[in-house]
Every structure is written in C-alpha cells, then in structure tokens.
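Scroll down for the structure; my scribbles are underneath it.
When the chains are written out, they are named A, B, C and D in that same order, and each has its own residue count from 1.
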Amino acid sequence: MAATRALIRRGARDLRLLAVPQCGIQADMLIGAGCVRGIEAAAVTMGELGGAPRFNAAVKAGAIEIRDSTCPAIHTALQASEKGVPFMPLRGILGTDILAHRPDWKVQDNPFAESGDPIVLLPAIRPDIALFHAPRADRAGNVWIGRRRELVTMAHAAARTLVTVEEIVEDDLLADEATAAGTLPGLYVSGVAEAPMGALPLALTEHYGADTDHLGEYARLARSAEGFAEYLQRHVLAQDVAA
Amino acid sequence: MAATRALIRRGARDLRLLAVPQCGIQADMLIGAGCVRGIEAAAVTMGELGGAPRFNAAVKAGAIEIRDSTCPAIHTALQASEKGVPFMPLRGILGTDILAHRPDWKVQDNPFAESGDPIVLLPAIRPDIALFHAPRADRAGNVWIGRRRELVTMAHAAARTLVTVEEIVEDDLLADEATAAGTLPGLYVSGVAEAPMGALPLALTEHYGADTDHLGEYARLARSAEGFAEYLQRHVLAQDVAA
Amino acid sequence: MPVTRTELLIATIARLLEGCGHVAVGASSPIPGAGAFLARALGGDEMRVSVLGSRRHNFFTDGGRELFDCAAQGRMDAFFLGGGQIDGEGNINLVGVGDYPTLDVRWPGSFGSAYLYFLVPRVILFREEHSPRVLVPTVDFVSAPGVSEEGVWRRGGPHALLTGRCLFAFDRAARRFRLESAHPGESAESVAEATGFGYDAADPVPETAAPDRRMLDLIRGRVRDEIAETYPAFAAEVLGTAA
Amino acid sequence: MPVTRTELLIATIARLLEGCGHVAVGASSPIPGAGAFLARALGGDEMRVSVLGSRRHNFFTDGGRELFDCAAQGRMDAFFLGGGQIDGEGNINLVGVGDYPTLDVRWPGSFGSAYLYFLVPRVILFREEHSPRVLVPTVDFVSAPGVSEEGVWRRGGPHALLTGRCLFAFDRAARRFRLESAHPGESAESVAEATGFGYDAADPVPETAAPDRRMLDLIRGRVRDEIAETYPAFAAEVLGTAA
C-alpha cells in the first residue's frame, strides 16, 4: 500500500496492472486516481466490503481496458515467463466467455492425444515490474516471503522486482537453511525500501491485521468520485501522510 | 538409501526409474541387483568417483532400457503432471541426439510466433511413486524439505509419495510460518518411515557428510559383477544390516 | 432451540460432501466451510478440509497456484462456487450483467471458476439468494460452463445447487437441474415462482431433511469453534451454542 | 613461485568472464569456479557467482529447476560445459562413444547441456585433456549442438574452448573454432597434432597471457579461500599460498 500511495502522489499514468491473480483496494485507488490504462485480473474486489467502486465505475465508463482472466491462467502465464517458454497449456476454460474475449489466447488440439482433445494455450506474461510488500529483507536484497510463493514466480517472471518491507535486517536470510527455504534471493530483486506497516490498511499475515475502519471508510467514500477525491486528499496526498 | 537397500532385499523387479534429474549409487545398486527394467535420467554418475559401474555394464549389455534426457526436461515433465496438463513446451534441445532418440517427444511450431520457431513439447511424466529421504516429518505426514523444492514437484506429480526421514517430530511443521515455508504438506505423502542416517553412505546436507570410504569401496567392488555381489552381501543382504 | 435456516444449509452441505477425501472451501464462504467441518466430524475425521483464508486449516505451502494444481492432480474432491447469475444448464456468471465489457452491473470477476468447474469432480453451487434475478434462463457472461461439448477434457462439474429455498441436483447427461427437496416453508410452487430457468422435479417434492440431534450438537459445538478461526463474527452471531 | 598450469587456466577463465553479471558453475568444476571467483574479485565484486554444491555461494531457493529457469529468464550470463568429445562445430558429447544406445564407452549423460547451451549467452567449454580422443572431427552423440539452424530460437552457445594446451574462440557465423593462444610450452604445431578437428588460427599464435601479479595474489589468497568451501582438496593441494 505504501508504494501504491507513492505512485498516486507522483502522478503515475498509463499503468497496466496485472493482478496475481486478484486485487482490491490498491488497484481501485490507482484506477480512481487516473493512473491506470488497463488491468488484467481474475477478480477485482474489496472482499467482505463488496465490489471495487472506482474499478466498477471505470468499467462502466469504458475508461480502462479490461482483460478478464481466471486465477490459474495468470499463475500459468507467469510460470511460462519464469521458464522462458512462449506459452503454456492449461486445462479448463473452454466454452467460457473469458476465452471468447481473449484473442491473445489460442486453442489447439493436444498433440499427444489420439484424437481431438482441444486445450487452451496461454502466452507468457512478462511484467515490467513486480511490486509487493513483505515482512523483511536483508542487506543483500534477499526477501523473506514464507509460503507466498506466487511472489517468487512473479519476481522470476518480471523484468524488475521492487519490494517494500517491514524491516531490513542485518542477518543473511540465505545463511540458514530454515530461512532460506522461504526466501526470494536478491538475484531477482532490483530494489528494496523499508516501509513499516506498509501494508495498512490491509493485513500482513502474522504481523498485523487489517484496519477495517479505514477500509470501511474507503469503501464508503469511494462510491462517488467526490468521496474518493476526499479520501485521497485525507489519506494519500496530505503533506503529513507518512510513506 | 535405506529404502534402496530394502527394495533390493525384498527382490523388487521390473522397476522403471526416473532420476530427478540425475542419480548415482542408488540407481547403480538397483540395476546391479536386477531390480530395474528401465531408467530415464539426465545423468547417472558416481560424481568424483567416476561413472556408475553397474549402470554402464547394463547399458553395454543392452540389459536395461534407457531414456536419455536433460535436466530441465525432467523438471518440466514433472511440472506438467503437477499442473495436470498433458505436455509442456521447453526451449533448447533441438538438433540433439537426445531428441532424435525420444520418439515420445514432439516438435511443433510455436503458435504465437509470426513464423517458424520450432519448439519441443514434452509429455507429462506421472511417476507411480516418488521416493526420497528428508530430515524430518511430523505425525501428520508433513515433511520438511527446506529448499529442495524439486521434491515438492516430484510429490505433486506422483501418484504416491513415500518418504524416509531422520526423525519423526511431535511438532506440527505447518503450525509455524517459518517451517511451513519449507514443508511438503502431508496431503501429498502416502507414507513416512523413520530411518536414522538413512541417506548414508550419501550425505544429508546440514546433517551428515558422505561416507567416502564406503562410497569408494562400492565404486571399487562394483566394477565387476562378483565384486558387486560381495558388496551386496556385506552391506545389504547380511542379516545384521539395519534398515 | 429451533433449527435455523443456516443450520439446515450447513447440514445439507455436509450430506452432499459425504465420502469426499479432500474438500476445499474458497474465500468468503462461512456456510460451506461449516458444512465441510460438519462432514468431517460426521465422517470420523477422515476428510481433509482446506479453508482459504484460514491459518490452521491450510495445507498449502506452494503459493497461490497450489489450490489449482492440487485440483488438477485429482487430489480435491469437492469445491464450492457461487454466481451472480446461474442458469438452467449450470452455467455461472461472476462477471456482470449487460453487454461485456462495459456491462450494467460489474461483479468482481471469474476467480478460478473457469478452471475448477472442469477439474473438481463434485462442485457444489451455493447461493442463498434464490430469485429470478439470480437463477436466470441464460447467463449474460459464461464465467464457467455447466457442461462441455463432446471431446472436451473434463473431470468435474456441477453436482448440486443449494439455495435459501431448496436443493437441486444436476444431471450432466440431461444438462438440467432437478429439484430434490424444498426447505421448510417452501413448496414446489414457491420454488418455481422464484426460479428463472426450467428444471425437472420430484413429485411430490420432499422437504429438505433437517439436521438430526448429532449434527445439531456438532454445528453448535465443535463446528462453531472450528469455523470461528476464519469467520468469528459468523460463528458468534449466526451459529447457536450447544445446549 | 612460478605460475602453474592451473593458475594460468584460472586466469584465462577470469578474462573470458569479464563483464558478466552472473556466472554459474556446475558440479565438479574447481578450475571454472576459481576462475569465476577471480573474475569477481577483479571486477570489484559486482559479479554474482553461483557454485553448484556450495552452501555459501548458492543463491537458489526454488529447487533443482531454478538454475535452468534462471538461465531461461536471461539472468545468467556465463556457464561452463565440458564434453567427453567436442568437435569442430562446437558440438559436445557427454553420453558415450560408439553406437547409441549400447555404446562402447558410456559416460554419465547430457545433464543440462542440451538446454543451457541454447540459453546461456557465453558458454565456456572447458576440458583439460586436449587430445584427438577428445577433440574429434564429429562427435558420436550430440548432447548439445554448437550451432543451430536458421529459425531455431537460441540465445546462447559456445564462446570459447579452453584446454590444457590452448584457448580457442568460437566463431558462430563460421561455425568454427579459432586458435587464440597457446599455453607456454605449446605451439601452433603441438596444438594441431593434438586436435582432431580443423580450425582457424592466428598467425603467429600468441602465447596465452600469464596472470599478472594482482591476479596471482588473488588466486593464492582470496580465491583459494573462497573455492576451499566447495573444493577443499583442490584448494589445499593445487593452489599455492600467497607470498
């Protein structure tokens, strides 16, 4: 979230977002602030708080390009980039309107089947930037991600990876076999910034819970463009807002 | 190794081995003991101790079926099974004699390229059994594998997974985020057996080193069928051999 | 204490899950989650239950893709899907109402439905709202199709549709729902009035079986405690306390 | 202390690696490993060096496939390959001599060569034995081809061939090696006699440049210590000690 706010403050434009595989308030804020040209996602939602209001408004206004996807298709297309192959096959999806609206996806017969057997081929997705928040990193840029291994695939697939962390520690996260197992090596990390409580108002598992009051305020205000502007002014643009 | 010795003692026959992606003394012993019908591997080697003698002899005699492969092809074919797809593409390999001798592999043009661009398609490999040794498991069958994540892919790909471990611990390996990150969930594990020092004479990283004298003895004896029989008698078949 | 509608739904779900080895429950699904815990308790704890968003009931350590890979490997017997619209052929729509892409109403998106509907043998459609707005003749957008053409690889699909009014079974060969039972207070007529698609029906339509004493005790005791970890408000406000 | 042949090879490898961002060194490769450490030291420690089998110089946490994925992502600039046979077009054979599959001599197998030779821009062929037995007109089995047909996707290939007698550069357009320099004690003639394939040559053939004072000090000091973690016997027995 800290990076999301920073992107809005610096007036980012024409971003193309990839949700891995879904997103919520971050995408909604970036869309509301006019930073986004297009989005690919399996879902955009505020969870218990309902739909993502600025996303929904932008969709209705035709203001952003949408690529509807499905969760495993996004994981798979990133794995294709991770492995340096131009495409990967995936089961399912046939007969959906998702496929009907994805001219970039192809269907071919499985060449290993006796007959027929159509299967979807997904082109690799290579993001310019992978951006996420994690509990900690060390001085060498190694980042503890625990079992959130989709972050590993994201980083492998992306050209550059930028990470915000709760804290930068002095220990080498790769030195101990136990921490190494849950660590993204610095080899894949282009930049790390310390942003304590940087996921708020979202939760960071095992560190802090979500700020549900804040999320509720956002969901309420963002129903209208005016309310969203008020939210931005109060929580993002105001001079005294940290990070 | 404990499981390897057990397989030999119980007179296993007609095994088809898959090395992930290479193997050494275990495959060599099983081949020498007549347990193996075929092997797929990127390499069979005793490392510093040279070639695998019983493997080499069996190759020369035409006594086993060989599928020469290359490391990433084995990883990829297991990932195909992990993802439940019939095949995956992989770069490279074109123009090799590996490909020339793999009628089960196919080459097709990348359908996302403007023109040409041949690429190898590898059929999924679904092993009946994944078998490996690990430092520890808990009572629920969760197995600590650290960063040896090829074991995760093996287990995901295989129909059944059997694991020997140094020790079975009382803690729940999934309870703590730090150990969970390096743990294969019991969901994928069909059976666990305690086999302390079960990797010997091979090393178990962070636990014990290789028994180089024993490995040297094997390499020396296994050069001949008679010597190999002597090794088996001494270290595998003798009544007083543990595990 | 009388049986509540929520308890009836939980008990019905538990019956639908009988015999499953591994049941996964998606996000924002307290009733399916409670149903799965009840089924597990009734089946002597043989069943594995994975709850998205739970820390304790989460067997996954391989990142966001593992749920989908696990289904693809045939290791997941049942899953729950909903839908802003569900039609008589079992097609579900999680994307929106109107003409795609601008739409009159936009919902979050298809999530993993386009995949899991093909891969998981027993998909239970669950939607409490039972109205012509939800149960439509034809969905506006096919997030996932109820049935597939001949020759399309497919292991899974709709097993039943449970609403606040009734339980439908799905007949894949006939491509139609069949009304199995109406909940207390409902009738063949009240269900027909609220349903926008055609379906077969038992005649007379039986009443949905109420949970027996043992089920109720479990729901109000152990299941309540288990689901409270992920859905504390639901457990406290909706589920009663064991006598 | 005079410069040894091993030190000359290490220094030559370091020169070949100049400008690389990430160099990976395979198993059983003490001289390439020392060369990579020397290149890193000379380049102000900007270079990343991954050593297979090392605990300290191992940036990988995603299992056996990561080395290959990393290469596929374009994150690995140089790698080393050897060969039981190497021919004049840069084809390498790691499988054996004679007719496949029974063969007269069986070697371990192709390992990752069939892949990495295509993916890693700067592949350095290193084989100390320089004899007509190794450097053959045509390899008996192509583990990995030196060049590929037009239209085959290929980012990498042979950059140089370093032997115990000389250094060849590889000209991909001409599909031929070119003798760059002969080691002290060798000549154009002695190299020609020991080489089974045709190649171009500088005329006169310069002598391979000896390591300068700074390089020698590093080899006998810091590099010796770094390589000792993985190859203690090599470091102790083969490398000298800094004056």
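To be clear about the criterion, a residue touches a chain if its C-beta (ideal position, glycine included) is under 8 Å from a C-beta of that chain, and two chains touch if they have at least 3 such contacts.
Everything numeric in this text was worked out from a predicted model, so none of it was measured.
*Asks:* In contact with subunit B and with subunit D at once: which chains are those? Just list them.
*Replies:* Of all the chains present, those in contact with both subunit B and subunit D are A.
*Asks:* Starting from the Cα centroid of subunit B, hunt down the chain whose centroid lies farthest away.
*Replies:* It is C.
*Asks:* Return the distance between the CA-based centres of subunit C and subunit D, expressed in whole Å.
*Replies:* The computed centroid separation for subunit C versus subunit D comes out at 59 Å.
*Asks:* Take the average of all CA coordinates in subunit A, do the same for subunit D, and state the distance between these two points in whole angstrom.
*Replies:* Centres of subunit A and subunit D (C-alpha means) sit 41 Å apart.
*Asks:* From the mean C-alpha coordinate of subunit A to that of subunit B, what's the distance rounded to whole Å?
*Replies:* Result: the chain centres lie 36 Å from each other.
*Asks:* Identify all positions of subunit D at which a residue touches two or more other chains, and write them in rising order.
*Replies:* Those would be 60-62, 65, 68, 72, 119.
*Asks:* Tell me, which residues of subunit A touch at least two other chains?
*Replies:* Those would be 76, 79, 83-85, 90-91, 110, 117, 119, 147, 152, 180-182, 205.
*Asks:* Judged by the touch rule stated earlier, which pairs of chains are there in contact?
*Replies:* The complete list of chain pairs in contact reads A-B, A-C, A-D, B-C, B-D.
*Asks:* Which residues, counting only subunit B, touch subunit A once they are in their complex?
*Replies:* It is residues 76, 79, 83-91, 106, 108, 110-113, 117, 119, 121, 123, 145-147, 177-182, 205-206 of subunit B that touch subunit A.
*Asks:* Would you tell me which residues of subunit D are touching subunit A in their complex?
*Replies:* Those in contact with subunit A are residues 22, 48, 58-62, 65, 68-75, 119.
*Asks:* Using the touch definition up top, name the residues of subunit D that touch subunit B in the complex.
*Replies:* 27-28, 55, 60-65, 68, 72, 94-96, 100-104, 106-119, 141-145, 148-149, 151-154
*Asks:* With touch defined as at the start, can you tell me which subunit A residues reach subunit D in the complex?
*Replies:* Those residues of subunit A that touch subunit D are 81-85, 152, 156-157, 174, 180-188.
*Asks:* Could you list, by residue number, the parts of subunit B that touch subunit D in their complex?
*Replies:* 20-22, 41-45, 47-48, 51-52, 55-56, 59-62, 66, 68-73, 75-76, 79, 90-99, 101, 110, 115-119, 147-153, 205
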